[in-house]
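Each of the next two complexes has chain A plus one other chain: chain B in the first, chain C in the second.
Coming up: the complex of A and B.
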């Protein structure tokens, strides 16, 4: 399970202390999750073929605790202004990294991320050649002054990410990759049920005091103070803010230092996957509660959920030790697993009721 | 399922009927999306009571902009939030999603290029992944929009999907002949589709017809007719039935008929229960016909090959 390139090429890519100002690095990314357009779960070789998006590069496969297949990283060159909440136009130049994955042979994800290196005033007018950027895939250098929080707010609060505009749009890159995987000729385009895609946007910022703009976007979020100690220990998460920003948009803001960026992306993919499962099952359950069949009949919409989704829940399966506090915090508030267990229990109760009703019919 | 709504002539009630079908399918619990591919005149927003998109959507994020490549994804309006009819807000319990993809305000017809075909294919495939019913309302006649979707649906990525056609026509001599021509005639759907790589028989089998503004001689509307007029109406109706059968648009490929109704004709609006029961402006028969049409659209049996 090696990391070929990207953030891993610079181990200990610790963002310097001090949230705003020159020289700070911000990881931004988006994960889109959906149901694979296929009538049954893919086998491992099929899943491997679906995400073999770059000839000559290995697809990473893991079998436990759920089958998981990850495409090689795809690099895309970008040269455009980066997002900013204040509307400042700062040009970024570099590359973004994307990858696609299939989990449990059923769920498909695309994720795109970039390390944005905010140069500060000294970098104005200095532009490095493309060769430099290609040697550091996944990095975008920004000329001119732009604070990390301004960038993060601009990225997280962007309305849809698909609108017309000239700023960096990771969502569009990500959505396109997901389309590409779903168009694979291996897939029969007959999913057992319809499910919406979700968008999960994340940023990793340096540790630091909460900025003035932050409480606004944290309203209704699960703020988790994992620790108040800000010593520069390696692998250290200071604060996490998770917001359910709309029916299908979620944002996550992590403040941390010394974290391995590839692991952070992995964490966000895992969170996005479980959030999608929750969102989708909740939608189906809400629908079947309204349209309850009555007489103990199992609402027909529940069957595909039982068949295809219930066994995929495996939170924090591929998360490193230093990032576990993020999951633990989200388990406390809003309580991912708690909600999931309650949904699963309801579905099983419906199943039991329908069984009883069936037995009653048989006896008559 | 991707359902293409088309007609040979304008003014058949194609858009207003398909908007009503979309609403009713969503109320029955299906997730439905409606694409305004009437590029020359993108006014689906007006029928669906969305004031902000009555003539297409402003800001360059509609279907025109998407197909031309200036936005990564077209705007999707959640109609349960945008419909300006109090009876339909908030979203009725048990209803599925109902989403409109409007065209651009001021958008017009445009010639098709290869990039556009790829974008269109990508969009339709993604929507079919998320929605049970994707209704694509095409411009009337042998338009660019028709060419585009016939090209796109012949591509491998969409060949696996269920794509079906509804041809709307009014119940007149001229319209029957025109509708048959659009479906089976020279440069019609089957002809053009086959040239683009569709399986001719499969495409032929996937077309159904909807008769609109059909006068029902039995209905109360015609109660005051003179006996001679009533007899004449019956005679014309029988003649049209024969003509339709000769033109291969007879009962076997008929999905539904919508009666003549002033609310559909003049207001071109969604018909909901309050229009029939409280306001009493729409006819009961129209309501029943639209309900039946929505049910049949989603019913596999009505699409079975002949």
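Coming up: the complex of A and C.
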């Protein structure tokens, strides 16, 4: 990896001007996306029940443009070192927030995030009482010096999220939540086809000048890299780096200022959802291309995709104006919608061919 | 783009969380065990007299951090009927009202402890949503335990079967094997102790028969959260005070409201801050209450609404719940 070594104590690592309280804040999070373990699409009441994870709390339901139900936030306390690419051990104390959602009655997502507040007192004895952390949910205060980039690199480049390591493990929290939803008694555990879960890790960093090695490729398997430059202003995205790191792991690095963190998490959930759709349909299409050409019959794997997934594609439907540039940037490179349209066109061609073949059979 | 700003919203896509009326201060005028109320030799008037000297309007305004002229304070008493209730409301309530009045105190609200553990009525399972089984169950689900050092989320948080503590317990010495020396005792550690630990381990509930028996300190925590106006069920107030007629009281507590409002011009039941004036014997219970309150994460929408309103009213209010709770402990 060897991205700029984040010694953490270099003068150049000082937080950018404007960061409150002398410490900068970095939003880190992970979204896991999968196919609901159920044979058919859930109705709205079913989807609501599946994500009603806390008694007495409301579930957010929206019907347009695609049915979408979101669980109340779940809070978990953590007290451990935060990730660091340089290997600096900086202790963090606070809470992470998680939520689960069902989209289109078909897709399930779990997402976990935390605002990491750098530059707190080093000594544990001077830390604030636990009630303070509960009054500011989703924040982790880190003692001692650590640069935002060191933290972000450490988080995005971590090999696994579920390892036996000692640093903050958002992936494990997220994975358990997805399992919990998938194990709901409402679900019959018979998905119409098999699809892999994807993991989407994201960080939001302050604007500020691009650091030396960024946003160059972060790993050998990276095959996509998107940046878009904007002038910094309140509620603005400055730069975006999207990396497809292997078959099921994606990372997104956003530099922005004045952005609403809840909206950023929502954006990342939306991106993760569409990336999963693209990845899954691509996988199915690749599989059926190998077997295609059997007398014009529709490859059997395509049917569930047509039935369950094609209508869920609604990019940026719930995204705020200030975050649209991220979607727009990703539409230019790598071109999410372009890839999707091409896949959908191929599937429609197969469908048309199979219909023609069917008519031909009938005429004989 | 056409240059037209389109704002699209769906009302069901956002939570609706109801605000409730708030006083500046909720004053608890003592706490008595049912035995004290049943015991004819206890001088209730003298008891309330000692409380009255701590609850004058100047003292209350000072505690509420508002000018005396605009102070809204309500008074309340919690009746301890959960474990056993040999006496009904028709006996206890008039006795309390009379004794308080003889000391110059007015009780605005009388609540029953069993209401904190009783099944929640009202909203049934609606569109798949589960209201909490009881207020105690609701509050238990709000607990976010103070994590011990090293807890990084990789494992689920340990579930300690009805106990909550403020640190790391002393390792259990049970697993001793043959040929191996017993492990040396290690002390428990309080999280973020100030030089030395004051370790506290509190029983929240224990299994009894088909259900749970909730502990007195935990029900007292529920009571503080109700007084702080922080509990909602599906966005609605968890409990709303119900007016009662002191001349027409039921014989059993089950027929009595969870929070009853006595006739008069009472300020709202819930408040920004609470004050409890109690016998010194309740100090361990209230220590447990403060520790538990410090590990309760209420609905952030409710927390924010309360802070915003306090700001609008120019009432200084700490964000941390334990800091909103005040106590006076009386000597013997």
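In the analysis below, the second predicted complex is superposed on the first by the 315 of 364 C-alpha atoms of A that agree within 3 Å, B and C clash if a C-alpha of one lies under 4 Å from a C-alpha of the other, contacts with A are read in each partner's own complex, and residues count from 1 in each chain.
Everything that follows uses one rule, which is that contacts are C-beta pairs under 8 Å (C-beta built on N, C-alpha and C of every residue); 3 or more make two chains touch, one makes a residue touch a chain.
Only a predicted model underlies this, so the values are computations on that prediction, with no experimental measurement involved.
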Key: Comparing the two partners chain B and chain C, which touches a greater set of residues in chain A   = C
Query = Does the superposition put A:149 against chain B (first), chain C (second), both, or neither?
reply = neither
Task = Quick one: classify A:185 as touching chain B (first), chain C (second), both or neither.
result = first
Query = In the superposed arrangement, which partner chain does A:95 touch: chain B (first), chain C (second), both, or neither?
reply = second
Message = With both complexes overlaid on chain A, does A:196 touch chain B (first), chain C (second), both or neither?
response = first
Inquiry  = Once chain A of both complexes is superposed, is A:127 in touch with chain B (first), chain C (second), both, or neither?
reply    = second
Ask   = Where does A:176 make contact in the superposed view: on chain B (first), on chain C (second), on both, or on neither?
value = both
Query = Looking at the overlay, what does A:48 touch: chain B (first), chain C (second), both, or neither?
reply = second
Message = Looking at A:270 after the superposition, I want to know if it touches chain B, chain C, both of them or none. Which is it: first, second, both, neither?
response = neither
Overlap of the chain B and chain C footprints on chain A, listed as residue numbers = 162-164, 169, 172, 176
Task = Sort out for me which residues of chain C touch chain A in the complex.
result = 8, 10, 12-17, 127-133, 137-138, 141, 144-157, 191-195, 232-235, 238, 293-297, 299-300, 303, 319-323
Footprint of chain B on chain A - complex, ascending = 34-35, 37, 160-164, 169, 171-172, 175-176, 179, 182-183, 185, 188-191, 194-197, 287, 290-291
Task = Using the touch rule from the top, collect the residues of chain B that touch chain A in their complex.
result = 29, 31, 59-61, 65, 70-73, 75, 93-94, 96-97, 122, 125-126, 128-132, 156-157, 160-161
Task = Could you please specify the touching residues of chain A with respect to chain C in the complex?
result = 44-46, 48-50, 52, 54-64, 73, 75-81, 91, 93, 95-96, 124-125, 127, 129-132, 134-137, 162-170, 172-173, 176
